[in-house]
Structures are given as structure tokens and as C-alpha cells.
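Chain naming follows the written order as A, B, C, D, E and F, and within any one chain the residues start at number 1.
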């Protein structure tokens, strides 16, 4: 599957925190940065996410803000 | 200013493409990845963005999807 | 690729409208509904979208609102 | 009320899962597809959602991604 | 129509800027603040927006960030 | 820090509701309106949010819908 999101960052799952409806997934991307994602718990289970698993953090360009100091 | 977005990635502006309403900004973050952002042209002008400028790509955790191969 | 978005609707591209930065893509999904999407023009070109092409409309659950009459 | 969202899909509530802050609502739209939505629990209560209730799934065009096989 | 968005702010259209795909709409809400919205041009035309028209700015709670000084 | 979001509304925290993963923060902005935000609980803790604290509600223009009666 190819997807229209401009930002597809390869990495590994670092940490998973489950709530009743949502799950917080932290991914360490190749460059070293950590990306935090909130997905539904059902999605996390369907993707069989676990620490160390290779994943992509996918972000639509219109959802990225730019800040300056 | 501190912001609630979990993802605040430091980088430099690599490329700017202007449309009449929106502007596409590509940022190379410290780890080497490129992040593409769509912001309003008015915002790009207010932030005085230009190639090479130090910026942050800011992304709310609930806007990040996770994909697996 | 499997993705955490809960909503992945199969369909065909019905119409494409290009702007300088963004492209509007209308997809007719199997059930008959039309789904309109705005993606970057660069993404539309990378995916080689054209009328009639089989695609998926992908929507994160936290981006869906519910309305009642 | 008329709303600027390009995607307003009529359907019926199929399933509701409550968390302490958020609620997951699954809607079966006319065409047969299921759409999953995460809204605040307070919103779900204000709309008096229950299984079988007629609702609309409302999605802004800029929140829809396109994927291809 | 009632909608699950927690934030529905009444106001008047102050300014409209059209691009080929998107339109930027500025709304002055009752409290005096200005809210800027990007919607598709097709939506702006369907809603027959014009300066001075009474409208609502509608924002899902999960799309609001919090910042501190 | 300056940020590309077009909507940065000054106000005070009115109410905080914690879930295991997410926190709902209600802000009363200067004009009197209440804005509800869902952020991660970790973000709420990092920002040391408490009732009465001065904050900004930050909203990207592409996340604002427009509705009419």
C-alpha cells in the first residue's frame, strides 16, 4: 500500500501505554527522534504492536505546524 | 512559549513552495529526515521563513498514524 | 503496508482538481458514497492518481465528527 | 445547520464504547461501510447517541488520505 | 443539525480569500477574537459565504493544542 | 516561540478532566467563550496545567470548519 501522507518515518516501537479507548505509541525513528502517536486501542491490537517492532509514523502534511524561536 | 504537542522536532527549512492560500514547507530535522508541512501563506510570511532558517516541526500526537509492513 | 487508521474505504477516483500546492480528489466508495480528499499535489503525482483508478480513502477515527438532525 | 465539511455520510450507530474522556462510535453508513469515530464522552452524551440512532459521520476533506495498493 | 464538536463559536465572516482549491475564511466571534479557517472553495460556495454573514467556527476538541508562556 | 497556527487565543484554564491517556482541558478565552481541548495526559503534566493558569488555545486554520444556520 502506498499512501498520500508526505511524512512516512521509519522507526521502532519504544513504548506502548494503553487506555480503555486509546493507546499511546512512542516510536524512535531512524534519525533518533521520538515520535508520539495516539491511536485507538483496537488499531494497536490489530497491528500487533509491541516494543521493538518495526513501524512507520505517518503524518499528513496539513497536520504539521511550523514554529520558530 | 511551551506547547502541548508531543512532537516538536528541531530542523532547518529546506524548501518553500508558495500557493495563493497555502505554502508547503519542507524541514530537514536533526536526525536527517525531511518533514513536509502545509501552512497558510500568511503564517509563512509572519514567521519570515526562508531556506536554512532554524525551525521546529510541531505535530499533535493524535495526528500521527502508525503503519507496519 | 497495514495502517492504524480505523477507516479504510475502497473505491475509485471519480474526479481530480489540481491547485498549485493542493489537489482535490473525489473517490466513489463501494457503497456508492463520494468522499472528497485534499492532499498535496506532490502526493497526487507520486500515487499516479487518475480517474477510474482503484484507491482507498483513509481516515483516522479521531478526525470523524458525529452529527444528528 | 449546514457545515463546510465536504463529507457528510448518513448512517446508523452500530456500536458505542465509552472511555473516561473519549467515546468510540461506530456508524454503518447507507452504502454499508462502517465508519469509526472518536469523540469526547461529553459530546456523545449531549447528542444522546444510542445503537440504531440515525446520525451523520462528518469528515473534513483535508483529513482524508488516499492510498493505493 | 447538532454536531459532536465541542467548540462551536458564533460570529460573522470578516474576510474571504479564494485560492483555486481552498478558501481562507476569517470569522470574528462574539467575544471579539478572530478565527481563521481553511475550507475547500467548493464548500465556501455551497455555504454562500460573504462578508458579514452569520456563521459558526466549529472545532473538534482533539484539534486544539494548549500553550503556556 | 512563534507558531504557524493562525489561531492563538489567550485565556485561563477553567476545568481539567484526566483520563489514563488523554486529558480534557477547558479554557475560557478573553472574549468569554469556552474552548475545549483534548491533549495527552503527559502534555498536561509537562505544562503543569491547573485551574486559573494563563494559557493559549492554539488551532491550525485547516482544522476549523464553518457552519451556517
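What to note about this one:
In this section, contacts are C-beta pairs under 8 Å (C-beta built on N, C-alpha and C of every residue); 3 or more make two chains touch, one makes a residue touch a chain.
Just so it is clear, the model here is predicted, and its values are computed rather than measured.
Looking at chain A and chain E, the chains that touch each of them are B, C, D, F. Chain centres here are means of the Cα atoms, and by that rule the chain farthest away from chain D is B. The chain pair with the larger count of C-beta pairs in contact, out of C-D and B-C, is C-D.
Averaging Cα coordinates per chain places chain B and chain D 29 Å apart.
Chain E and chain F have CA centres that are 17 Å apart.
Computed centre separation for the pair chain A/chain D is 23 angstrom, with centres defined by C-alpha atoms. Counting partner chains per residue, chain A has residues 1-6, 19-20, 22, 24, 36-40, 42-44, 47, 56, 58, 60-63, 65-69 touching two or more of them. An unclassified topology is adopted by the chain contact network, corresponding to no line, ring, star or complete arrangement.
Two chains count as a pair here when they touch; such pairs are A-B, A-C, A-D, A-F, B-C, B-E, B-F, C-D, C-E, D-E, D-F, E-F.
Residues of chain F that touch chain A in their complex: 1-5, 19-22, 40, 42, 60, 62.
Put simply, chain A touches chain F in their complex at residues 17-20, 22-24, 36, 38, 62-63, 65-69. Looking at the complex, you find that chain E touches chain F at residues 3, 5-9, 24-25, 27, 29-33, 35-39, 43-44, 47-49, 53-69. Chain contact summary for the complex, chain D toward chain E: residues 1-6, 37-40, 42-44, 46-47, 56, 58, 60-62.
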